[in-house]
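Going in written order, the chains are labelled A, B, C and D, and every chain counts its residues from 1.
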């Protein structure tokens, strides 16, 4: 691991890279070049960056429709992702996937699902295969706080714990499912609930702090690599944009803008403007290239329509 | 409530009545008059008898395929049940239900389901209706330990707790789901797990003791009637027969006969043979009448086949 | 059961004005249900939020306190809750913003709701409605675009409807709430929500749970569902100028299609085209073919033509999605070939390639 | 994908002896899968218990330690686990002792397994098998008797099979494990488990994922599934004595029926009867009618006749169940009427009323 300042800078760069990609998406959106729902991670980047710091290429992450951050942090190709959002043939899934279904198996980004909670047990199954095939590999599943309300979550925690499989349950708790708050939806505390299954569970409150997230994830992943047992991390985080789409919807009144502003006041990507300035040019160039790659892509056509069905 | 000995005797009678009905089923089974899977409650009668001591006619119980005990304890008609097992027109569901789907809405026995876990949320919904319609009514759902592994259980506990609905979750924990033990299936403790949802939960270890079950249920039901909030009771119990069917399968080796024998040694229905002798004649007569009623029933026919579909 | 025509009183213009969008009709139906029937409740994810299930129930939770109920992300339990509530005196309306999520509730719908009445020999009934919105366009992709009517319509005990007009919504939803004591599933098409209808232009609905003739014609029978009814109307209007006269049956009742209406029409026209919103295999296309094949296939003067989604999951890219769904041109060509026996170069085909370009108001992000 | 015929090598008599029950064929297929393919695992409730999924995998957990895996009562997660395991190099075989419980797993099967390959443009594949056992008789009732093939066959991306003979099991299961990198659902019929087949009596299987001609005839085409294939064979044997010559197509591949085989046969016979194990509406009956109606309904010399479960949930009482399922007499009468145009009093009808009386070995409690 790169020590101290260098590490901070590198993680910052990763997080900023994600944010700038998503800001580019916001900028492009009115052009209708991206005709697909986009669930932005702006505000939540530190989670992906923190976990991925300690993941190896062969480790797997199972993600959701809100998947840009994890895809990029785990090493997915930015140009191919942009082309995928554009619905082009040079996207990694030839436009069949779009923003909601990012994947890059070559770097361990397993497919994102847009059905809430549906990848949790899938990740457990991948861990089962890792165990049986004696792979030195961790299976990480990222899901939102809302996903914990699905029955499948209960089933998957139980299965993973029973068989003591090498997986990490990573809950990105942004306090919202679409527009509903935790209090409207949950009678339990996520971390406490997970512990009932005999799963060691850590809760990170400062989800804006990528180094802190990285530290904790580093420890936990090391433990999983050591004993092959499943663990849970809950990270509190904050989504700055509307649930889906490029806008802000503070005016809708379902949450307080002040709370988000308080979070932003701690978010290095908002506060460390000097570093943003320093890193931005290179990142902007990379992003522009990705956009150019996407724009140059051919449209998929009738020859693609019925391939890969079976 | 009837005090002391009289109460013991009455509850004993209720429990014995159930056991004798099921022993009659065992006796009849080789005749192929009952051509339907039977999931016997022998060994578990005290649970139904204990809970139903404190339920009113208008209270609802949602039960499972292993439903003879609850059906009878809540006041369902024995002749109609027997006729239902015989597949006759004078069964309460004209033979369409059979042993796995007992119901008697006039006394609050809501339909039994043979899909494990599927009535749990249904009971919660009935409690929601009770709340909205301002009925003074408790909705009780009985389910096995295995049912707690279904995702729907998690969802239903959360829903009931969030809306604080007047229902009782009653888990009959016989330690087995078909032939699988708790250790093979559960990483959590049922009572501890339920508490995570903010539900007051009581665990009864002496599930053979109907007065004890009655005492605890009485308290808990009183509390629910008082504040309208949901609660959970887990009762440890013991199934003496095979999972489904009239036989014993100790030879199969999936559980120890000794443990069951230890349980039987405490079970009043096994030990208090004097009281059995005293009560038996009247109960046998009632049961014989029920069987006669069933045998006299007409077979359902083509006119019944397509009624009550929509 | 109550799936046959009832005596219908006229709909007040307050509930159904002369011009009205599909969404407005849904909103009117929901408000009516809550206003006229005390025991009606609405249960769903996002039921109380500011978007109000795409604007169909916005604000109702304030107007009817306690009767519009948010649920956690727990489709299975929410459906079970509705069944239990129905068993105990309420009329629950359960919403899903995508039909795809209905798969998480299917155990409750198929193993429980559909069977409660029969399985217990009539001791119970489960009056409730499930609203399933079919997603389409703006990159819904494979998991937000399914049109699962045939899965449910295969199951005895369920009534499955696909309203295609405001009147059909207003009539059938009111009938369900007031007169049918069983589970009714309605599949609403998201692409139509903002479409404004001239309500008088559609023939009046006579059987709320039945099929409707939307256009009388003699050359070909088009049996269509949901948005494909509107496409069929557009195609027919275009083709009428060339002397092709289509009869259009709005199937509407997917679970209980009007066999007689279909057979009478096909006997007259001799030609049948089925246009559905889902896959052809084991879908509406298949079921309509069964009706004809079992009744009298001899009336067919040509093979049946079927249109639906391509046999693949739905791709996200617009370029592919436009190929995935049949468009107006595909439909018109199919009709022309069926009626004339071959393409007819004299008939001008629309240039439009994408249905969503026509139903313009549908634009992301949601 | 690999759903077309491959060069099939002969099956050793060790795996398929001359006389063998359906259950024994399943057991042989399961053992073969574990023996020949290191990456195969079996996952299901009761997978390691002494009953071993009705005797099809008994003891395998001891023979193949760690590869036969018990699961909690969590159908959804168990299926998800299988999908994840498949994505990461295993070939999971997931068992359900009743097809009805598949509804608890359908979100994973339809929204995930069926779409993994297409949705990601070919980046993933999900090689796995799901065994769904159809319950029947001995009072299975509404929730333990469903035959849900059409729900799955409606969904692109799934292969759905219903083997009716030991050879079909051995061939298609081996093909799935060795050659098809996608989800395969097999529906096995509980009533056939103890039925002993004379394996040489059935024509050899040439396409493991295809349809098979089980009997060549000229008077009527019977397209049948699963146990109805055996019923059709029994009916045909009886009727042959009266000069009625049936052709029987074992549909087998519910998701990918052999359209050409069906059309060639119907073109020859002019008469079609479809006998399926499920409801007619939106079922196999409908899909086969679609194939004919789309291809060439003109070949039909009479309306298609369809047989399946009555349009209701399954009743428990034997007296009703016997009416609920078509029996041999129903099938024979239907064939006679279709071929002869009317009942023929000269033809002796079997007295048997219940199919389960014939498949005698099936007796409760389970």
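By definition in this document, a residue touches a chain if its C-beta (ideal position, glycine included) is under 8 Å from a C-beta of that chain, and two chains touch if they have at least 3 such contacts.
Model, not experiment: these values are computed from the prediction.
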Farthest chain (mean CA position) relative to subunit D: A
How many angstrom lie between the CA centroids of subunit A and subunit B, rounded to a whole number? 46
Centre-to-centre distance between subunit C and subunit B (centres being mean Cα positions), rounded to whole Å: 42
Note: subunit D sits from subunit C at a C-alpha centroid distance in Å of 32
Please set out, as single numbers or ranges, the residues of subunit B touching at least two other chains. 91, 94-97, 101, 113, 115, 149-152, 155, 158, 162, 184-186, 309
Subunit C touches at least 2 other chains through residues 72, 74, 76-77, 100, 104, 107, 111, 118-119, 141-143, 156-157, 311-313, 315
How is the touch graph of the chains shaped: line, ring, star, complete or other? complete
Can you name the residues of subunit A that touch subunit D in the complex? 60, 62, 91-97, 101, 103-105, 110-111, 113, 115, 118-130, 132-133, 135, 139, 151-152, 155-156, 158-159, 162-163, 307-310
List of subunit B residues in touch with subunit A within their complex: 149-155, 157-158, 161-162, 184-189, 192-193, 196-199
Would you pull the subunit C residues touching subunit B in the complex into a rising list? 1, 3, 39, 41, 66-67, 69, 71-72, 74, 76-90, 92, 107-108, 111-112, 116-124, 156-157, 159, 180, 182
Looking at the complex, which residues from subunit B come into contact with subunit D? 29, 32, 35-38, 87-88, 91, 94-101, 113-117, 146-147, 149-151, 177-180, 184-186, 242, 244-247, 252-254, 299-302, 304-306, 309
Which of the residues in subunit C end up touching subunit A in this complex? 45-46, 49-51, 70, 72-77, 100-101, 104, 138-144, 310-313, 315-320, 323-324, 363-366
